[in-house]
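Naming follows writing order (A, B, C, D, E and F), and every chain is counted from residue 1.
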Amino acid sequence: MYFESMAAALQMEGHGAFVWSAYLITLGAIVLILYAPRRREKRFLRQLEGQIRRSGGKVPGAAKEV
Amino acid sequence: MGAQPTPGGLLLEAEGLGLERGGRQLFSGIDLRVGQGDLVQIEGANGAGKTSLLRILAGLSRYGFSGAVSRHAPQLFLGHHSAVKGLLTPRENLAWHIAGEAEFSADEIDQALAAVGLYGYEDVPSHALSAGQHRRVNLARLYLSRAPLWLLDEPFTAIDRSGVADLEARLALHLAGGGSVLLTSHQLVAVPHPLLRLDLATGLLQ
Amino acid sequence: MGAQPTPGGLLLEAEGLGLERGGRQLFSGIDLRVGQGDLVQIEGANGAGKTSLLRILAGLSRYGFSGAVSRHAPQLFLGHHSAVKGLLTPRENLAWHIAGEAEFSADEIDQALAAVGLYGYEDVPSHALSAGQHRRVNLARLYLSRAPLWLLDEPFTAIDRSGVADLEARLALHLAGGGSVLLTSHQLVAVPHPLLRLDLATGLLQ
Amino acid sequence: MRVAGSAAFCARLLRRQLVLGLRRPVEIGNPLLFFAMVIALFPLGLGPAPDTLAAFAPGILWIVALLSNLLTSEGVFRSDFEDGSLEQLLLAPQPLYLSVLAYVLAQWLLTGFLLGLLSPLFALMLGLETGAIPALASSLLLGTAVLSLVGGIGAALTVGLRRGGMLISLLILPFYMPVLIFGSGAVQAALAGAPAGPYLALLGAMLCLAVALAPFAIAAGLRISVDA
Amino acid sequence: MRVAGSAAFCARLLRRQLVLGLRRPVEIGNPLLFFAMVIALFPLGLGPAPDTLAAFAPGILWIVALLSNLLTSEGVFRSDFEDGSLEQLLLAPQPLYLSVLAYVLAQWLLTGFLLGLLSPLFALMLGLETGAIPALASSLLLGTAVLSLVGGIGAALTVGLRRGGMLISLLILPFYMPVLIFGSGAVQAALAGAPAGPYLALLGAMLCLAVALAPFAIAAGLRISVDA
Amino acid sequence: MWSLFHKFGSPPWLYRLSGSILRWLLPITVIALVAGAVWGVLFTPPDFRQGNSYRIIYIHVPAAVVALAGYYVMAIAGAVSLIWRMKMADVAMRACAPIGAALTFIALVTGSIWGKPTWGTWWVWDARITSMLILFFLYLGVVALYEAYENKELAAKACAVLSLVGTVNIPIIYKSVDWWYSLHQPASIKFTGGTTIDPSMLYPLLLMIVAFYALFTCALLLNMRAEILQREQRTAWVRRLAAAGESD
């Protein structure tokens, strides 16, 4: 490691706030672009499953077999 | 669209048309063959899919339906919207009509306007016309067009009783001359000509 | 407009109404007294001036006519344009209706939508509705309104046959409850109730 | 069913207008993005030199506010006129003064208000001194409200004419000019170290006047337009 | 009755669009007055120092041209979509490529062309050196044509959405930016005594590209919009 | 070749394939991102001119590079969808826009944060920064257009047209912004030359660029999967999937 201590790594000779905030914002954005579609998919499947259960296990409106 | 009628006189063919909209199957398996002299009325309640079908047949809807349409003749399509510009006079509206079918002479246009009861209104800006007169400007195209196949979506909307009778006479003339008409209407169509009914619910032609 | 019916039950009075439009005298000397339970159909060809008259009676046209109108009761006016916003759903269109007549509960609105055959379409954006369904959204106000006097300009436009029958039943109910209706229509109105006809050409009520 | 009070009715109208402006949550971004883009045009047109940009920043932001108001004012009543909603509004029992205010308020929230809120960001991008930012934001918030009210008058008078667009600009631009002068004046005063207060007070006075009078003019304009 | 050739049809369309744009002779003045007023805003907003104004005149004139294009592009297909004319146009036997060009040409004639012709006047108002005026006028004439074509794409893609306004600006403003850069660059080059030729050549190349490709995109956009 | 092309057009096949790709690609991506970041932030020497603030480069440059490449991926998908009417290309195109916008956003924000210690200002109208801003607008335009259409099939066609127009324009935009900047020559501010970068700084940067490409791929596949399910919700295979209560 280039820095001697964790505190020095946080400080970065005064540039720490800039570097770390840049990395944090990036982390947030990355988590969002990976998590959002995942959540959309999960939620959609759960909703569809509920719909199927409500209609008595049948597969309503299933138009075509693939 | 220099399409020519097939030897058998077919103007329009559709096979296995199906449409789903907003999760509902509006119609499916509709087969349609329109020949010369055919008068077809598409029937169905509000929201049955009449307009959607007409737009597919005219070629305005190109995505989202199943089946195939083949057009063998020039068409005249009059939809729910009148394509009449309020800022232009009826005469200008017809002379510069955007359908680009043909170049009509001033005489032809005035005669067509007179035929739909707009004699004297040729030079009034169209937005100063009443609802029925506004639609009549568009319907004047029925007196100008040489297209053999007419697709009319509720042509009688907002037209008074004598106007409807005039229109029916015009349809009869067109049919007698070998043209054909596909129309939707919630009213009964009184044309002295065999009428085929297309029921959207069952997809059958009677 | 907290106007109240007069003791004699009069909802609307008009005296000597006359209108000239574009150099033509559309009508003149029209006297009209609409009382509770009256059903009046305004008759005339396209361009006769029916819409113009209704707009004068409703108070939307305030200049350029002769005569006087006095309104003694709240009115519900449905014109050629549907006042339905395509971007809003039918439910929103009614809940946030711009006429500001009253605050309707979600239940009342759903019932009204069901009554005009839009059950299941409550949350579809209105621009995705068919022409008839679009108009029905507006007509649902007939099931919500408490206004005693209705002014309806061609309410049956684009409505299918069973829809027209439903509407006629609604009109009959309203009339039986002491309300009154002034309408224009090019179709025959089949309401089991005495029908007064106002002929614009002659200005006479029959 | 309850009879609708004026306040409830106006709240409903406001909500309706806002929903029409932003059907989906994503759409809130549209006006913001629009401002960002128009502001980016200025460096591209005038050149990227930081000091001239900073000197022009108040004027640029104010001109963008004004133009975006011009661009959107035109449509305030347009679609309601075309689909018959306006007729119904005129027939409503509630006072037109208040309904018209609801329309203008919705339009302002989607343009001037958003721009005012975001103006610090844009000011930074143009290199405006941070000291002048409060004056900028508050002058924009006050001034754009005046613009929206005045713009509403033009919109009401021309909505029946089926061609609005240019005509409305001609009618209302002259009335926009005092707002522009005091608005950018406030920021320039702050930049020069003078107090921006007097300018803001003037803008506030103009706003009071506009709130008191413009709705009447708008209402009258709408009645005339619907009559035509 | 004669069958209409494509050229005759386009001429007719052009005439129709022009008449619609200028139903009354007064209205020819509207776009010009609009430019004049918006240009008058800049001295008010930026401060009237004559030398800075003159230095920024190219940028200002170009930004105004761009915004007025934005303002009018939106409406090119709007009313035709709403009243069903667009459906009829799509069904017309003539090639859509040409019809669409007629629309754009009409729009350009009423905005960019007029502005280009009158720009020397406005340039004088802003104190631009007379030597740069030919470069200004020709860059405006070329560049606004590109703007109109690109704006048409945005208009075609959004006309079916009933919410236009902001959205179309978002779509097309990024594409306007190169035109702005080269356009104002041409004038700045002329001001600096350098030849404006290369910039004008670039604008011309962009125009060729836009004429060749944009109508296809517009036509595709219209088909999609009418389908929706 | 054609059969593969057709297979790509088949939603269930693509859904399953993307599932198995993601199972190994996603962990690798995360590891590479973490490793590259830790390497770059903690184990490299500081730049002799900018000090430690240069460590932002390990996210700034990869985000910028991939954001630009993403636009071309989107446009290619758009072209495929328009020409061959392939539905899965629609899906891919739609998925590119928000990811590209997010990456552009990262580049802008990190660049802007970087600028404060280095240039003393959050923002300058530098050629590269300006063109990145325009790219951001382009991406958001596609997202906004897609969201504005009710019918998603048409939305995809409209966006395809827009992104194709964009591909013609992007080179023009970049060139023009370059010339614009050199015409005005403020010249007080310059990027540090990338060529003189020390190898010890370069390797983590290369790792991060690769990791960001992988990140883009993962996000693309994830988005496509969600979209495929929604589009195919009426088919039996999606229903079976939902009934089984799992997604992989």
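In this text, contacts are C-beta pairs under 8 Å (C-beta built on N, C-alpha and C of every residue); 3 or more make two chains touch, one makes a residue touch a chain.
Every value quoted in this text rests on a predicted model; they were computed, and no experiment measured them.
When the interfaces A-F and B-F are ranked by C-beta pairs in contact, the top one is A-F.
Of all chains, the one whose CA centroid is most distant from that of chain D is B.
Here the CA centre of chain C is 56 Å from the CA centre of chain F.
Work out the mean CA point of chain E and of chain F, and you get 32 Å between them.
If each chain is reduced to the centroid of its CA atoms, chain A and chain B end up 53 Å from each other.
Rounded to a whole number, the gap between the C-alpha centres of chain B and chain D is 45 angstrom. Within chain A, the positions touching two or more other chains are listed as 61, 63.
For chain E, residues that reach two or more other chains under the stated contact definition are 23, 79, 82, 162-163, 167, 170, 173-174, 177, 181, 188, 227. For chain C, the set of residues touching two or more other chains reads 80, 86-87, 127-128. Residues 23, 30-31, 33-34, 37-38, 40-42, 44-47, 52, 56, 58-60, 62-63, 66-67, 71-72, 75, 79, 82, 162-163, 165-167, 169-170, 173-174, 176-177, 180-181, 184, 188 of chain D are the ones touching chain E in the complex.
Within the complex, the chain E residues that touch chain B are 1-4, 8-9, 12-13, 15-16, 19-20, 23, 79-80, 82-85, 87-94, 99, 223, 226-227.
Against chain A, the residues of chain F that register as touching in their complex are 10-12, 26, 33, 37, 41-46, 51-53, 55-56, 59-60, 63, 95, 98-99, 102, 105-106, 109-110, 113-114, 116-117, 215, 218-219, 222-223, 225-226, 229-230, 232-243, 245-247.
Across the complex, chain C meets chain E through its residues 86-87, 127. Of all residues in chain E, those touching chain F in their complex are 150, 153, 157-158, 161, 163, 167, 170-171, 173-175, 177-178, 181-182, 185, 188-189, 206, 209, 213-214, 217, 220-221, 224-225, 227-228.
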